[in-house]
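What follows is a single structure, and I will ask about it in a moment.
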Amino acid sequence: MDVLAVNTENYLLRFGQVREQTEALCRPLLPEDTVVQPIVDVSPPKWHLAHTSWFFETFLLQKFAPNYKVFHPDYNFLFNSYYNSIGSRILRQTRGTLNRPPLAEIYQYRAYVNEHITELLNQLSENSYAELLPLFELGLQHEQQHQELLVTDIKYILSTNPLVPALLPAEKYVSPAINLPKPEYLSVASGLYEIGYTGTDFCFDNELSVHQVWLDEFAFRNQLVTNQEYLEFMEAGGYQNFKYWLHEGFDLAQQEQWEAPLYWTKQADGWYRFTLHGLQKVNVAAPVTHISFYEADAFANWAGKRLLTEFEWEVAAKHYLPSRKLGNFLENGSYDPQPFSGEQPAANQLLGDVWEWTYSAYQPYPRYNKAEGALGEYNGKFMINQMVLRGGSCATPRSHIRPTYRNFFHPDKRWQFTGIRLAAK
Amino acid sequence: MDVLAVNTENYLLRFGQVREQTEALCRPLLPEDTVVQPIVDVSPPKWHLAHTSWFFETFLLQKFAPNYKVFHPDYNFLFNSYYNSIGSRILRQTRGTLNRPPLAEIYQYRAYVNEHITELLNQLSENSYAELLPLFELGLQHEQQHQELLVTDIKYILSTNPLVPALLPAEKYVSPAINLPKPEYLSVASGLYEIGYTGTDFCFDNELSVHQVWLDEFAFRNQLVTNQEYLEFMEAGGYQNFKYWLHEGFDLAQQEQWEAPLYWTKQADGWYRFTLHGLQKVNVAAPVTHISFYEADAFANWAGKRLLTEFEWEVAAKHYLPSRKLGNFLENGSYDPQPFSGEQPAANQLLGDVWEWTYSAYQPYPRYNKAEGALGEYNGKFMINQMVLRGGSCATPRSHIRPTYRNFFHPDKRWQFTGIRLAAK
Amino acid sequence: MDVLAVNTENYLLRFGQVREQTEALCRPLLPEDTVVQPIVDVSPPKWHLAHTSWFFETFLLQKFAPNYKVFHPDYNFLFNSYYNSIGSRILRQTRGTLNRPPLAEIYQYRAYVNEHITELLNQLSENSYAELLPLFELGLQHEQQHQELLVTDIKYILSTNPLVPALLPAEKYVSPAINLPKPEYLSVASGLYEIGYTGTDFCFDNELSVHQVWLDEFAFRNQLVTNQEYLEFMEAGGYQNFKYWLHEGFDLAQQEQWEAPLYWTKQADGWYRFTLHGLQKVNVAAPVTHISFYEADAFANWAGKRLLTEFEWEVAAKHYLPSRKLGNFLENGSYDPQPFSGEQPAANQLLGDVWEWTYSAYQPYPRYNKAEGALGEYNGKFMINQMVLRGGSCATPRSHIRPTYRNFFHPDKRWQFTGIRLAAK
Amino acid sequence: MDVLAVNTENYLLRFGQVREQTEALCRPLLPEDTVVQPIVDVSPPKWHLAHTSWFFETFLLQKFAPNYKVFHPDYNFLFNSYYNSIGSRILRQTRGTLNRPPLAEIYQYRAYVNEHITELLNQLSENSYAELLPLFELGLQHEQQHQELLVTDIKYILSTNPLVPALLPAEKYVSPAINLPKPEYLSVASGLYEIGYTGTDFCFDNELSVHQVWLDEFAFRNQLVTNQEYLEFMEAGGYQNFKYWLHEGFDLAQQEQWEAPLYWTKQADGWYRFTLHGLQKVNVAAPVTHISFYEADAFANWAGKRLLTEFEWEVAAKHYLPSRKLGNFLENGSYDPQPFSGEQPAANQLLGDVWEWTYSAYQPYPRYNKAEGALGEYNGKFMINQMVLRGGSCATPRSHIRPTYRNFFHPDKRWQFTGIRLAAK
């Protein structure tokens, strides 16, 4: 049997799985759920479903499939996210006014793209294969990124609805009450460390340009910060005391009247959190999540600790990660960080559960080079005013994350599954 | 046979017709169309469908139906428009983030309310009947107002979609090319005139307090201003020349870069207009519509004429209206003003086609009295910063309009079917 | 002696008095006081000083004085207020960033204009005189309008300064404690009344087009609403109860957290008001002032009364005004409304003390015609979204006011000396 | 002679020089110039004059001078910049509405503080001296920072005035036309380098926590980027081509319609720049200045180069700086970057002329510790969303700058004397 054919089969299998995962996430949604955009950060699910298909259409089908006819001539305008190279597009803040195309047509679009990708891969010459494969892989990774955004955007959309609808059955909500062991600090010796991705699988361009970084000895906590600890910060007046806060963070917190993480609401019998399984009592043992960088940093200052840099985090992860990729990922279906369970290794929850804010601005690595053309717009142009997060979350697909992965958000954002890992001062 | 029973049958027949008209307007919509709110003025169709039912539930069922159980405890919060007396409610600008309740549930809500209204009317004692009837009629009139808003809001929603979807088949679009006769000016003698509604049917409280107004002799045009005439204004630089404009209007027009009525778009072969039947070539014989008060006033100044006051308009209408209520109303299904057809009487299109901007601020008539309680919030609290429009439009139900009817919008609004009738200076 | 010469002398005498009055108002100011613009409504005193001179330069000297050389070529750009006909100009909201020209140079500008106006009048032929005189008079009236604005703008500027500086000596503050007689309502019979200015002296174009208005019988209060009465409204929760308010007014009051008139501040021993003579205890007998139309209307509703229309006001004033123009005007130097003193005639304080909000939108009178050219921009283009006020205030020059005078402001404005006169419902 | 006395004399000499320098900068200003605040970044000169005195009053006199009586009880509210520990204060954006206190009173305030500082130092015991000295030095350094801001704020204030006033005589403007030698790239070998201040003089806390950083070999340009080079970028469409730009930078540049550095204006015979000596023709040999980080980065991308990191810059400066501190600083009085003059050493203009944007976010060094109390608010709370600049400018006092000095601004700011130094890719 032909090796190329075997590979094609594998690739198409994975393609099918990733594409199906996206649709599975949207299956509980009604058409009405897929249209709205309560804040500019959040995109309507319909838009995610279409945009991820547009990516394959634009960067693969239009390039490699002879005589490919686009599904609809206006979709490039509607579903291009931010690629200036590909042409003009609707303003981001108007995604939530797109009543049409209807959801059903978007699913037809997905099927159409799936069909043509399958046809393309089955017909491709060996030479074209080599050229296509990196883009194919990028398309899959890109769709996985949008799977995480689908979870967080759907959550946000539902949360702003006064009916507080639960998307998933409350009985499937899993967040066991657990007595956590006392947290410990694990040391990493000073030295010159290599940073960046050195493997042979996929990585993003922002992980490349492997380079050395000198680190002084440091110690980081084996556990994430829990809701219990965060409640103590809240009760100690943490949100009211400027001295723990960065200036812009405190101003924002005051202006927005923050007094708890996003999605928390106080009721007569204590704090509750909105989840995709409805309103749930805060599990004090679970890692705190949906906090901004400003809150993470303020908490660390209050606790007499600090956040790690992204370099410290990466080195720590490389040292302490178990060989098997354990953790609470998208596939678990909990869509919520879980309390640390004792059977895990020394440094817990480095991968999965919550993205860990680092005190590193998102900047290019030395010798960083953007790709030519439109894909050069994928990462590089966002390297300003954002902070790096590491480790993936309960909404990250398991196959998508690795220790060198650099996620990034503005320091005020709270709707991702963000959390806190402390380092000793 | 019992008279009350006969009346009930008639009332329920009318109730059924009005309620069905609302749903008929929404029948071509997909669920996705009923959710969005591209600007704060526009409400999602789903919201209109629910709010009109909430009105009957709140002001009739909860008051008169013993043991009535509301359809959903949160609907009062979701579908109260602006009645402070009835409690808190969602912010108007967030109506477009209401993914839930889904459209199907709103239709269940409508059916539930219909069923209980029917039950209520069938069981009502004669005494309660007298108390209920004015509210019942108000509920119907209120729903008719929302039918007009449904037409204009749906039109706006579709127009902002880059796909420019036509809701209705283009072949059903009717706007005949016609050679209009030369317009004439009709005179009304000076004198003391009675203003306000004196009949025995329904009217709104803002038409009451019949009172006298002195009018000097005036002359008004028998035809509406046409697209042809408006094009001449545009081509003469009307949008660029401050001297025709009110100060705030000119500032706005500059800032918003107005250069034509709303929904107009220039293509290689001339001007087109977005309609519910898709993009259509501008019919020069049709009345101009979708213009603000500012544009109406600027046009009048450019033409060396002026707008009528609402009192002049009412007196003119009372003198020149034919006994039969002719005109292009909602029921025609064109949803677009039509060119004047010669078989009409001397003063054409006073009712229907377009709401006619008057140069009268919306203010209370002498001795105006607001109702007690929540219904006192229906009209009176809006009597500031708005201008009166008269005559109804192609989106107004025929049975809803009369010469004394006072519509009102802010002078910058353009999404209603607004037009221009001139008076001699 | 030549009659023209005599007249010239009189004109120049009045010119000198008006111009001096403006400077007298500014004499206590430091250069620093004359530059700032805390809100867009308020103009820096330096700007007023220059703009009133620019008016004479632009509309008189440049037109009638042969070989007149403008004082500075850029002043037209800096000190044109809103005359599109005269060319482009700085944005209104940037008047407060004009460090230069310095105050001293503005005074030189004033002297230069004074000198050339004097020269012009002394040399003018009889023919040109006739043409010039209306513009000359308009220039004086215009400057008097700015005298009132100087008082209110200086007050606002000082009030926003945390040092709360008193411009004038506190010991000169006069506001006697008085026991007011019980207010009475005076009747005016129904009838056709003539509205507008019919005299031979100066009036603005918006007072012309004398016309008839039918009025039903009405009764108005002989006294203004006092601080005592307004305090009762406040204490009765008037600011918190939507039912007294226009919708847009209540929204604004909530958003801006209004709970008292502008300039009021509560201290341990009661309410104080900021005045040009420093912070002063609220005199309960004095007329309430610095309230918006929204507050005036809400107060009237709370009191079970209403505001007059501008037509009722004018007719009432024409009937009840004493032959001598009594009242508290700019020349008194109190710059604050005074309690009614019993020696005045039946209807008190119709002129002076406070501008009385009417429930009449500022609209053109029938047959209103704007002047040709730049002066056509003086009044007409503002006839939208504003409400008419009548009667002048403690900051109005005595010779500037008359019963037909129509002042106008947006219904949310509070920094003018505005007050309330009630009519019976 | 007593050593303490000698030192006191020296300290007071330096105190007098620094305080006088501030006033010398303001001497050409009129009172009107010292009040305005055209944008929120810019503070009125009056405010700077007072705030620098408030700093000495608050952190020295109130702490060390027994029975010290503050000059004015409200000045703490008016002239506290951002120290939450010291109490509430006026909103930054309202500094430009402070007509009072007048400039003359601010000068009295300065004299009063000077006098009491002199008295304090002359009477201080040796023990207190040790405690006071760091604060005294910080007060001087703080005032030097505000000297630079005075220059840039005064420049901005004058630039927005339509009269485009020159503060200083044009004939004193010095910017010689020079033929620059070809720029060269100087190498720095890879290695572990020490970063941070290790000397014994004053430095800010953000330069402390000396630590090692690994640098790969790099090469940086011996000359700054000139106006000539920047013009080539402009003419090559640099402002229009998204591919050179960070996403947020390009959006901003489009929105603000940037097409040249701040203060440039095109006239018939070429580009001019606003300077404190009036409008001057662009000197193509001078370093480009008044560009944002976004523009600096876009320029570097267009040129196929990159910006240095702050660590590379510091190491380069330590290697290539001559022993004598050459450069164009505040004391030169040109207030404008000068073309490189050939007599300088290999790496030119590292200090003075323009602050050099680095591609390093302003973050804490490892083991960074904020001071306790109010002074802990001096630097640390700003370590987010800002980029580091190095090297000082033509507005920096010569004694204020050193190679380890970390200045920081948001990446969109352009009103400082910012410039570009390139590194090879």
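To keep things simple, chains are lettered A, B, C and D as they appear, and every chain counts its residues starting from 1.
In the analysis below, contacts are C-beta pairs under 8 Å (C-beta built on N, C-alpha and C of every residue); 3 or more make two chains touch, one makes a residue touch a chain.
As the structure is a computational prediction, the values presented were derived from the model and not from experiment.
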Inter-centroid spacing, chain D versus chain A (mean Cα positions, whole Å): 39
Chain centre separation in whole Å, for chain D relative to chain B (CA means): 61
Chain centre separation in whole Å, for chain D relative to chain C (CA means): 47
Residue list for chain C, restricted to those that touch at least two other chains: none
Chain-level touch network, classified as line, ring, star, complete or other: ring
Chain-chain contacts as defined at top: A-B, A-D, B-C, C-D
Residue ranges of chain C touching chain D (in the complex, touch as defined): 30-38, 46, 74, 77-78, 90, 94, 96-103, 157-158, 160-163, 165
Sites on chain D touched by chain A in the complex: 82, 84-85, 192, 211-214, 216, 242-243, 245-250, 293-294, 359-361, 363-364, 366-367, 376, 381-385, 411, 425
